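Here it is: the structure, laid out below.
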Amino acid sequence: MRILEGKGVQKYFGGLAATADVDFHINQGEIVGLIGPNGAGKTTLFNLISGSIAPTSGTIMFKGENILGLKPHQICKRGLARTFQLVKLFGSMTVSQNILLACFFGKSGGVHKSDAQRESSRLLEFVGLSGTDGVIAKELTIANQKRLEVARALATKPELLLLDELMAGLNPTEVAQATELVLEIRKKGTTIFMIEHVMKAIMGVSDRIIALHYGKKISEGTPEEITTDKTVKEIYLGI
Amino acid sequence: MGGTLLLDIIIGGLILGGLYALIAVGLGLQYGVARVLNVSHGEFIMLGAFATYSLYTSFGINPLVSLVISGPIVFGLGFLIHRTLFQHLRKSSESMAAFEGTSILASFGLLFIIQNIALLSWGSDIKGYTYLAGTVDFGGAIYAQNRLLAFLFAIIIGLAFYFFLARTRFGKAIRAAAQDVDTAQLMGVNIHRMLGLCFGLGALMAALAGCLISMMFEITPLMGLPYSIIAIIAVVLGGLGNILGSLLGGLILGLVGNIVMYIHPGLSLIAYYMIFLLLILVRPTGILGK
Amino acid sequence: MSGMIKQLRVVFILLAVLVVAFPLTGYCKDKILIGTAISLSGPYAPGAGMTQIPNYKMWVEEVNAKGGIYVKEYGKRLPVELIIYDDKSDIGTAVKLVEKLVLEDKVDLLLPPWGTAMHFAVGPVANKYGYPLIGPTISSEKLRKVAHKIPYFFGILNMPREQGAALVDLLVEFGIKKVALIYVADAYGIEWTAEVSPALKAKGIKAVIEQSYPLGAKDLSPLLKKIKAANVDALLGMSYPPDTFLITAQSMGLKLNPKLFYLGVGVAFPVYRDKFGAKAVEGVMGAGAWNPKLPYPGAKEYYDRHVKKWNKEPDRWGSAFAYASLQILEQAIEKTGTLDRKKLRDVIATETFPTVIGPVKFEGGFNIQAPGEIGQWQNGEFEVVAGKPKRTAKPIYPKPAWP
Amino acid sequence: MSSTNNPAPKWLFPLVLSFIIIILAAVIPRFLPPYTIISLNDIFMYIVLTVSWAVFSGPTRYISLASAAFFGIGIYVSAVLGNVLPFLAAIALGGLASFLLALLVGLSSLRLRGMYFTIFTFGLSELIRHSVLWWEVNITRTVGRLVVSVDNITVYYAMLTIVLLTLAMAYFIKNSKYGLALLAIGESEEATDHIGVNVNALKILAFAMSAVFMGAAGATMATRWTYIDPSIAFNPLFSFMPVLMAIFGGVHRIYGQIIGATALTLLADMLLTKFPYYYNLLYGIILVAVILFLPQGLAGLRERMSKWRKHVLVK
């Protein structure tokens, strides 16, 4: 079943197409990777899906409903959450406050405070941050900030999670941990759509990969197909 | 009526705008670069005006010459204030946002202090003198000499500043610092000295504007705040951190003010603020903002 | 033991406080305490610092040099002590400080603040506590509507009704037919226009331009250019000091030379003459008229004392009125022989008082004696030119062109 | 580490405190000199303005300079309708008018951030002031209105009630999930939106809520001033003072805001009457000195003290 399906998604900034006529779909339970060189329009596509920016034209169906043009909070309430390329935590708030807020306002909404607190501890343990509840978020290491952002997104109870460069800036050990985390999230039933530059990681974890270039989809397929795709090799892998 | 009068009004507006531009560029340096929203900017204008007045009426010193005396003093005062007060605040504030808050509070303090000292030294009376009040006639369009002079000053200083910012190393450092202090620091600039100089330069321009204002209007120790407000509006309108924007903002304020004053004096302030608010809504980061 | 010492100490301190505080309770009256909350800072400070505060201080000094005011009920002269608070040109502060003067400092008398708005705010408060107040800087027709509700308040300055009528009479006298009427968009401008505009119509004088402009304008040349183009006989500006100065400077620049040039508050200030020069302002007319040549006892002496003490001339608008209001207060105390404010009020309301602005008499709370309504600068003196019987000089008409 | 997971005392403390305040406040006017009550009215007024301002501007970091507009609209409601409406109705209407005006201001300024928001709100207040002035000059042809005056004790109780309501509102918003969300808006508006918070609605609503008691306070205080005109009612000082007082006391703590408002009002009172000619000088020096040594405001003092105490105890 297709949980997310985009048709003819276009976004122009001035006269420049950030994404031009992109068609894509994500199946329930999949992990799909989105790759492409800088400026290929990956983050723009995420912004369009999550409602950060309004599209020029096209449709994006989420669970059979067109969500294009909805506001981010409305999309979140429908079960779609995301993280950001540059971490956007509530830096001066505590780790647990970051997550509590997502519990209160996310898809489930109206959660009682004690339930939210339980959920928060569970999520922190899940992403490997147990015991940091009272720490001020901006005092965490970059890797831990990224984990916290994932936990915060999960706290909204998403069915589809968009991860924007989760592994950028992490060392090899941390990359391995992050990969593990992605798989764990999927195991719990959340579908994942992720932008990644760390090729080894994304090839290892994705079921399917979409490649963008200059706002256009140039290729789509299993990791093996992508690595052998001529066009991708030429423009993206630089071979 | 008709075309020539309208042109006349527009030129008149630009002339007043020139003065505002001068004030705005001064504040633009202090707020755009040094990040101090200096509400006491008008007090430095007042100091400049009273220095000119006192030197002229007591010692007969030509108001333009008096700048040579009052200019460096006010510049030094501004530099010193930044060194002792704002630099310290900047270091002790945990974030730039916090610094903006505390610096507003401190500059309010400065406003009260300077105004009170001026009241004690000059009394609250209205004062004034006449200098260059004569007019210049451009084929029927008449302008006061002192207003033309103010405009001329504003343009010269504006252009000089533009080239200073665009061409010199120090100017480039200022521009960099307006965008991002860390980068400027990477360029090897002594950031605190530079911010202090910017603040001093801002005060200097205020004093210069004060000198010109004292030729055009009557002066009192309480005259400062309205000018601070004009400057803040012009800077924001032009785009924070953009010196050319501040210049433009000042010109626009003067121009809009004069045009609405001509069309309907009774509605002029309403129209004035409406235009300003609409401009901000259309350009939410200022006319020359990113 | 130590507890007892502590108790004793408390008793001792209480006694000491009582001894110290006793004279303050007014039992043995040794001075007249007068208080005022007036603008030492903020936008009203220039006005207050020119028209009222110098006169307040000078009067206190003069009274005390005589040994004080003789108060019969105490059988001796009581010196005056003046408490001045700064109302910051803020109504809330003014009201509060007046209540502090009354309730906490327990002053015997109050002196008024500066400006129409402040008088409107403080007047009712003074009235509530039964303090007579003679306001030298309120000029408002609205006051007539509320005067009966505040019997302790007296308006001594010229009101727009009489002053406006005098101005229009002047226009009729000169046979002026076409005028421009501009006014500042504030209480003063509106009330004046409300009086003058219909009076002009009644006399068949045409106001080809009738236009308000905002307070605090920095450039009125667009409006003045319109007036110049309209080629009127008279410019009537119901203006406040900043715009009075601005209109004058810009009219000079534009060579706007109507035959009669009248502006509101500010023309009568000596600084107006000094800024532009006596020659330049020759023939300019303005609101308010008093000068030391007026034949009232003490007028010349008052002027000289003011110049000597402050090294500046009193303004020809409200200064003498402010001083006169103090003279009235002093005379009222001497007449009644008491500091009983009810009695003082009744005497002020009914008797006639010789002052530097002439014999002041209040009817329904309003002074019916004016030394003059409109003045004109002539050879460096602000001559009274209207009402006609009070003239100290013949009006110059038409006004000489700007130099 | 902060100890936010122990709800009982956190609830108990303000409850007990407010009881004490209510009881004291009900009894106090009988025993206090009348001028002290007048002073308290002023303190109450500034507490309402400061705490209200901080409800929105504190957590979100959107520095609003529209307080004068909200306060002023309340004043005008009271001046225009004071003759025909009972005191309480005028107060309630003042609050409502202020609420509606704030909704409008909030709606129109949604696009703006940082200083642009600040100057926009300032410009809007000035626009409102000049529009009211224009209306009075050209339509009613009278600038300046006399307000029906109300005795000081009644004003005192009205202001006390408004203060308590303001504090209650501030407290409940701060400790609710919406308070947390406002704080998050101050950190990252985009992220807040993406975790399901209707940011625009919350911003506008909080802004409007913060205006209610400013308007009510305006309607109440107008009766003390007896005379008002647009420049008195919409005096920009009422926009600046709450900001100063909040920063002076400490923006992020309600008690800091209360202390800031109280301290600066008392300080002004004291200096104004003791040193009428040096008042601004001393006031300015104190402002500068406090901000130099306590950049966190007076509330920072407590944190400093406790740090220092720990330091000493360790030794």
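Letters A, B, C and D mark the chains in the order given here, with residues in each chain numbered from 1 onward.
In the analysis below, a residue touches a chain if its C-beta (ideal position, glycine included) is under 8 Å from a C-beta of that chain, and two chains touch if they have at least 3 such contacts.
From a predicted model like this one, the values you see are computed outputs, not experimental measurements.
**Q** Quick one: which chains contact subunit B and subunit D both?
**A** Under the touch definition, subunit B and subunit D have C as mutual neighbours.
**Q** Work out per-chain C-alpha centres and flag the one nearest the whole-protein C-alpha centre.
**A** D
**Q** When I count C-beta pairs in contact, which pair ends up with more: A-D or B-C?
**A** Between the two chain pairs, B-C has more contacting C-beta pairs.
**Q** Suppose chain centres are the mean of their C-alpha atoms. Which chain sits farthest from subunit D?
**A** Result for the farthest chain: A.
**Q** Distance-wise, how many Å sit between the C-alpha centres of subunit A and subunit B, to the nearest whole number?
**A** Roughly 48 Å, centre to centre.
**Q** What is the distance in Å between the mean C-alpha positions of subunit A and subunit D?
**A** Their C-alpha centroids are separated by 42 Å.
**Q** So the centre of each chain is just the mean of its C-alpha atoms; given that, what is the distance between subunit C and subunit D in Å?
**A** Chain centroid spacing, subunit C to subunit D, equals 36 Å.
**Q** For subunit C, jot down the residues that touch at least 2 other chains.
**A** Residue numbers touching two or more other chains: 40-41, 185, 212, 214.
**Q** If I count partner chains per residue in subunit B, which residues reach a count of at least 2?
**A** Correct list: 115-116, 119, 266, 269.
**Q** Residues of subunit D that contact two or more other chains, please.
**A** Where subunit D meets two or more other chains at a single residue, that happens at 130, 134, 137-138, 277, 279-280.
**Q** Which pairs of chains touch each other in this structure?
**A** A-D, B-C, B-D, C-D
**Q** Would you pull the subunit D residues touching subunit C in the complex into a rising list?
**A** 33-35, 38-39, 42, 130, 133-134, 137-138, 141-144, 146, 149, 152, 221, 224-229, 231-232, 235, 237, 272-273, 276-277, 279-280
**Q** Considering only the defined contacts, which subunit A positions touch subunit D in the complex?
**A** By the definition above, subunit A touches subunit D via 50-52, 71-73, 76-77, 81-82, 84, 88-94, 97, 100-102, 104-107, 109, 117, 133-135, 152-153, 155-156.
**Q** Using the touch rule from the top, collect the residues of subunit D that touch subunit B in their complex.
**A** Those residues of subunit D that touch subunit B are 61, 63, 108, 111-113, 115-116, 119-120, 122-124, 126-127, 130-131, 134, 137-138, 240, 243-244, 247-248, 251, 277-281, 283-288, 291-292, 295.
**Q** Enumerate the contact residues on subunit B facing subunit D in the complex.
**A** Residues 37, 85, 88-89, 92-94, 97-98, 101-102, 104-106, 108-113, 115-117, 119-120, 229, 232-233, 236, 240, 266-267, 269-270, 273-274, 276-277, 280-281, 284-286 of subunit B touch subunit D in their complex.
**Q** Can you tell me which positions in subunit B touch subunit C when the two form their complex?
**A** 1, 5, 8-9, 12-13, 16, 115-116, 119, 123-130, 133-135, 142-144, 216-218, 220, 222, 226, 254, 257-258, 261-262, 265-266, 268-269
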